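Each chain gets a letter, A, B, C, D and E, in the order it is written, and its residues are counted from 1.
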């Protein structure tokens, strides 16, 4: 009891020195990451983002796995991976991190989590002191990448307190209290690395960009995640505010509906790809807070952006292609037609991501200039409508293309015959073949090459077009430093966080 | 001309204003100074200036042109909406009050159900069953807004019900229908008229609010409510993007309200000064 | 001493159309003046002008009305309010219509007491009950607890009389105060008015009931089409009517033929 | 029984109780009376004795608590509007408060028009008939253009009489229908009613306090007192030889 | 009377059943399901197997009627289920957000009355005079500005520029009841009150104008009743019927929560919860909300209907009529 009370006093002393309130649109029930238990929905994101939990490996800026709680790994064979854990790490519950603890945690993860069992494909786990051996059911080249996913945060499962949703992690911070709208953090005195410097961190959930803006302006919060693009201009004064941003693999892209007659026309698909002003979209409509995309992956990936080629904005060329294909404006209404059929594209999107309606409206105009009429249907009911293959021609959405830093994810979810998100029923036998290869290829270099080939196929088929990548920005009070966004969007609060007096 | 003689000058002025508003709205496509749909990203978010009276939006479109163009969608759809909502609601309310008994209970409990039923669920249902579009948005809003009028009309009618002139009408062989429309209605129309012109503004915003369900105006159609909410993030950076349509709504509401007031004064014989 | 109430050349117009033409008369304390005349001749208009109760579209375009020597038009609204009810009071032709429909008589009575700063409210209330009883109301308690719509026409009229008299004003203006009353009640009302007169208070009554006018009036104004046809003492009018109209009025008065 | 002496209104054992808080107000206690064709009968009596209530029940505007009131063999208060309409063609009423019986938002002409239309009066003759009845009731037809609050109460009362007569009913129920009229106009109205009775076979139920007036127009009188009929008899009998104490007091009080 | 109230309360049961069934049906047939939408929100793609498994876990693959009756049985045994999205107990989640909504409702209604009654009366008294036009112009502004706009404007003025009030209404660093404060409630309440007052002022003005032309006003004047008293006790009392009706409607709306205001001010009430639940197809929460709304409206309307009788003695409830028939 004595120990405890002195501990408290000390922390109070610290917290009065410096504290930090962090407003984020990334935390909350509607993001399904409320709470810190990594085994529940997306709560692992919160666990890792706010410095409570850590994964075995972590991504670097190039989205390649690096050691974190684990120091190294090696594949014993296609289906067996041996991981060596870091020494001297303790959970905040007091238990030491050893292979058994990790095994307990991962086993619970695959028992109750919805995505992990499928991703990790684990058959069994062996624990021996600090050596963890994972057997997968099938060869899983992206196992290590998946272990970087926040659901892989390692917590002491024996110490999980369901009542107040307290987890015992290994991170630099410990949660004092957790609710659906707020997390209150204090430093972890036993942290294995550099100790946290801010005595009291509050992560507060915001659901409205304007509220976030106002709160930063009034100083009620000192840092923001998810500020609306328009608001960045208010925080240009570098004496008072600091802005840090990075590209993520969240991509705004369209997929065509291969069941649609008009879309089956290659010229139309090509014209679509040529008729979207990506530069204008990124530079003006997103205020430069994005990056023009070519393929699904941004520049910082080995197999990203410049490795593939796609049409860039060229209305004249688009007009010519359409003309050559017989699409001409015969009745002078500005819309091309062919065989009595007007060139009308039904563009399905949703307003949940504020960038999407902007993209739709911008494309609507630029396509109109080349004689394509775009009927936009921006509705929160999009997931129902897209099931009706006769109701749309282009579906434009946002997706995290490489949450694990690995290219396979995008193709398996969106481009293959049996992909869950291949709403337009696109298929290309060549792509299917390459995808099979990719799923068993372990060599990163070769995986990159495969990924580039596959991207090029879908781009050449004009089955997909990629407009831009999201730029993640964190704006803080200028007294705050060490809070930088990461391309993976997984890491925010760490022991680097400092608040100057 | 003889009609005008009995009409107060105010009513003439305000009805003229309403008519002008409606004409401007109808002719908007012909009188816009710029193409309201023409985007020019290099001209985005310009301050109001001589070329762009109300500045430009983030697509570089002229806001004044869009406000003019938006008049069409906003005013006509709101008027249709308010008209149907109030007519249905008033009829139900007066009928409930007049018939009383089971009919009253039935009508009022039905209106309770519609009142209690979350509007959004209804809108989703309409969107799902009938699809998007402004007509369906109007339908959804009519379906959920009439109970308000029903309750107001009912409470006003209850006061009138015991009046002797109703008895006289009954003895004069008036049917229930006539009592409702010819006897009671003129006596309660004042406050109801006020309610419905007030609703013009509210309904404009509600129409805009439904656009995220795909109900209502879809891009690039200009519509005041959506213009305001779409540009809401820009309030501090480019306030004109919000103030432009806001001003339009204000003018529109002021005109309709003043018109409503003078109409109300005109309907009430005791307020009419010859 | 000047008279209690004096009308001097009063003209009143509705929406610019002159309806009452230069009417003059006066009432002294302890006197009763009756206005008789054609229905629609402007009687109600005339007396409403005294208490500034004319409709929105009416205006007094000429002349003045003096109460105890004071020009009523010069009074501020609050001065007028203090006079109303306690110094001059009015019995309306439609007594029930002059009561707030949503409040009980009692409630409105008490409000009136308070408005005039009465200290002995219980006493005044008891007096009101008494008065109603005197006017042949069988259940005065019930009547006071009633809402206006629960009363019969005659009850309403007597409640109106009670309101007008309860503060013993020096002038009571009555607009056909007995039109809805049965003869027995009428008698009581007349008795009560006579008592009132004997206390040196004035009465200005509008009536169609010639018998009533004969009984109580000291002087009579005969009005037709907004003009005074004849203004004289009661005896003179009823015995030697001068104008043709007065004569026709007297002749038309129904009489009970007992066999 | 010849058709001429058909009973038009028959009230039997009619009672009406109003609830006032916990108290019961017995407005009518077992009242019975009849009105025969081409007859006129008067209701006189204490104010508050239930005369208006009785009239309202006969007209179907209130429900009796017990007993029944038939008007042309129909209990009006039980009928729906379309069912009652044919009866209202034959029975009309003038209410005690004439101003309130006009819709304040309509001109008098409009109220006339609706009234006549509903009761099946030929449409193209409505304007003409309106003017005619107005004149019959000593009113200038120009008053038709006015709103009820723009006319004097006496004028409004005459308009109410005119409206009731406009459709040539067989029965007219007058609730203090001449109380606001000056004697000369009143005399003319009475004359009019008498003529109609003679020429158009109008029957009257005449509620009034003016016994002198009643004696001129009614053949029989019912004297009401505290919700009961104290005495019913031929007019001259009542005036000359009142039996009931209350009636005696009433007759002797006439000025 | 008690009979009547009892009967009205009994009516709540079929209506709640009806409404919940209706909402369940609509949401069901409107398509989409919590799992899909939930997973999609993060922008991550999930395989069909994962989806199906989760759908199965939540029982969303069962026939529609079974799902509804399951909920119904739970409802009658006092178990409102768990949110599909957060997994939290629905009743607990809902009740934890109610205090905020109720506080906001009460304060904004109070503000509305305090602003609108005097101004409405004044405007009517000065009918078509300068003061009337000024007040009306103000109400037009209040009426033409959407809630979010007023909210942002108030934040800009009172929080950002003047620094008098916080931009975030619930106290940061505390949750639940302790995060609610009167100071915090001011801006959101004012936002709501501005729009509502603009309406009420105009309504009250219209009502008072209607009343002022009635005969009983002359009567009261002749009795020497002060003008203020006439206005309050006679005119306003007669107008209460309508004002109460309006108030009841507003109170119902407010108690349903105002998602936009709650979001902008970070005031954690039921409005946003409900809107999110509807968007996410989180049936248990939707049903809870629907039950709440049904209850609120039925209750409020019962109170209004009863109050009619007390306010205006001429109004009789159906109960009297039924008694008469019996």
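One rule holds for everything that comes next: a contact is a pair of C-beta atoms (placed from the backbone, for glycine too) under 8 Å apart; a residue touches a chain by one contact, two chains touch by 3 or more.
Here the structure is a predicted model, which is why all the values come from computation and not from measurement.
Undergrad: To reach chain D from chain B by way of touching chains, what is the minimum number of steps?
TA: Graph distance in the chain contact network comes out at 1.
Undergrad: Name, by label, each chain that touches both members of the pair chain A and chain B.
TA: E
Undergrad: By the contact definition above, name the pair with the higher C-beta contact count: A-E or B-E.
TA: Per the contact counts, B-E leads.
Undergrad: Report the chain ID whose CA centroid sits closest to the centroid of the full protein CA set.
TA: Answer by centroid distance: E.
Undergrad: With centres defined as the mean C-alpha position, give me the chain C-chain D separation in Å.
TA: 27
Undergrad: Starting from the mean Cα coordinates of chain D and chain E, work out the distance between those two points in Å.
TA: Distance between chain centres: 51 Å.
Undergrad: What is the distance, in whole Å, between the centres of chain A and chain C, each centre taken as the mean of its C-alpha atoms?
TA: About 88 Å separates the centre of chain A from that of chain C.
Undergrad: Give the residues of chain E that touch two or more other chains, as numbers and ranges in rising order.
TA: Only 30-31, 148, 152, 156, 213, 238, 312, 314 qualify.
Undergrad: If a residue has to touch 2 or more other chains to count, which residues of chain B qualify?
TA: Answer for chain B, listing residues that touch two or more other chains: 124, 127-128, 162, 232, 235-236, 268, 270-271.
Undergrad: For chain A, jot down the residues that touch at least 2 other chains.
TA: As it turns out, chain A has residues touching two or more other chains at 210, 380-381, 384.
Undergrad: Within their complex, state which residues of chain B touch chain A.
TA: For chain B paired with chain A, touching residues are 37-39, 41-42, 44, 58-60, 124, 127-128, 132, 211-215, 218-220, 230, 232-238.
Undergrad: How about chain B: which of its residues touch chain E in the complex?
TA: Residue positions touching the partner: 10, 100-101, 104-105, 108-109, 112-113, 115-118, 120-122, 124-125, 127-129, 148, 151-152, 154-156, 158-159, 161-162, 190-191, 193-195, 198, 201-202, 205, 208, 225, 228-229, 232, 235-236, 242, 246, 249-250, 252-254, 257-258, 261, 264-265, 268, 270-271.
Undergrad: Contact residues on chain B for chain D in the complex?
TA: Interface residues on chain B, with respect to chain D: 163-165, 167-176, 178-179, 182-183, 186-187, 267-270.
Undergrad: For chain C, which residues are in contact with chain E within the complex?
TA: Touching chain E from chain C are residues 48, 51-53, 56, 77-78, 81-86, 89-90, 92, 94, 97-103, 108, 111-112, 115-116, 147, 149-150, 163.
Undergrad: Using the touch definition up top, name the residues of chain D that touch chain B in the complex.
TA: 56, 59-61, 80-82, 84-85, 88-89, 91-93, 95, 97, 100-106, 111, 114-115, 118-120, 147, 149-150, 160, 163
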